[in-house]
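Let me begin by presenting the structure, written as structure tokens, before commenting on it.
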């Protein structure tokens, strides 16, 4: 089994309301789990989104993808692994892996974002945010 | 079978994402269906919520109730019946009945509301809104 | 400020996807939070729902109520307090209090349940489940 | 403005519960709208999913993508355009375009599916289903 590409950022326990008649997590709900992961990941990096939102800056979503390999089921305690994939001038892409109770890879995905103001207008990525993100992408050695 | 208490305001078709592992609509999702019903009901009365929201007035929820009698299932085409229950100075209560494919009563419920501004502060119910609501409560004869 | 009626069963951090254009948690989503609370509460009591579900027994919802006092907002770390309200032969009622970052009461609510089988037919409450629930209702002194 | 790639399959009116604190539709909720679109599209083709589900066959999701161009907002009446992108032996891919009140393209996306049984095991795409799908992909002239 392949190692996770990124560290665990958060955990999430699947509820009844997440699942569908196939008795697996409904496909759209993994994107909620991605949000939990990226929020906790940024919090751990010392940059909780709330600080930016209070300044009127939002992390708008430009693109989202998910590849479903194995289903998450009711009551599964999911591990959400999160990391930065690319960082451009105006766009950043975040990657996700969701792993199940036996650490097996259930889904992988990504979201691409732009910084936007309150009115949805694009804004430059703030310098401190950029520096923080870049640090997570630095080669370890 | 008892007659609906109020006219049909809207219809909603149950999707996979609404249902849970019991293969019935998840209990929280009926409150989304209530919202569809009250939005369409106000629209038909000539007072779409959007007009108020554009003025910075929101219909905040103070209380919500639902009684589940029979389950809605995947692909059911639901009829949403909506009516005004009580209208006070600062509070109004809306009632709902959701009926299934054979017009049988599936759930009934209510939501109590106050008018709030953008910042969540209570506001008086606007006079035109109040007049419109009162008209729906007038005895027929 | 009144003391919580029941111990804390779980915590939940509000995400963007939970909130609405008023920038507060959408009213239907508190019922998801109630589910998180009751699932964790039963788990702590040593009776995770999954054990019953694997036997084909479900906790069907008969009624649900919520009273919204103060709004939960994005990124709030909510405390979910859960306790048993009534226990009948075929019906049980669970109570909830959700408290915000300063331990202030945001919403209170309840859900009434019946035990159902896979096909939605009512079943007697299993004796071990009943004994466990009754124990939580015993007077402390 | 580019023409829609596929005909309109369904419409959906954005509710408060779909939107987030940016006052636009939350990114995960477009995947619910995709489901509404594909369900209505298959219904119009004379093959409602319910017929297959009643036989124990489900349209499992393998992959999902969405590109967000312009936001959908509260009360927008969305047009959901749906069409088949690829049809393989065991996999089919469906495309979506969601258009807003002025027919402008808001989001585009796709979902890839496999036919699965009740237990999540892959199954061959039924022949009548395949024939129906192939017909929608036939060149017009």
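A, B, C and D are the chain letters, set down in written order, and residue numbers restart from 1 in every chain.
What we mean here is this: contacts are C-beta pairs under 8 Å (C-beta built on N, C-alpha and C of every residue); 3 or more make two chains touch, one makes a residue touch a chain.
These numbers come from a predicted model, not from an experiment.
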{"item": "Far-end chain from chain C, centres as C-alpha averages", "value": "D"}
{"item": "Chain pair with the higher count of C-beta pairs in contact (A-C, C-D)", "value": "A-C"}
{"item": "Chain centre separation in whole Å, for chain D relative to chain A (CA means)", "value": "24"}
{"item": "Interchain centroid distance [CA atoms averaged], chain A/chain C, Å", "value": "28"}
{"item": "Chain C and chain D, separation of their C-alpha mean positions in angstrom", "value": "34"}
{"item": "Residues of chain B whose C-beta touches two or more other chains", "value": "16-17, 21-22, 28-29, 31-32, 35, 53, 74"}
{"item": "Residue ranges of chain D in contact with chain A within the complex", "value": "21-22, 24, 27-29, 31-32, 35, 53, 58, 60-68, 71, 111, 116, 118, 120"}
{"item": "Complex contacts: residues of chain A adjacent to chain B", "value": "16-17, 19-23, 26, 28-29, 74"}
{"item": "Interfacial residue positions of chain C with respect to chain A in the complex", "value": "13, 15-17, 31-32, 35-36, 39-40, 48-50, 53, 74-75"}
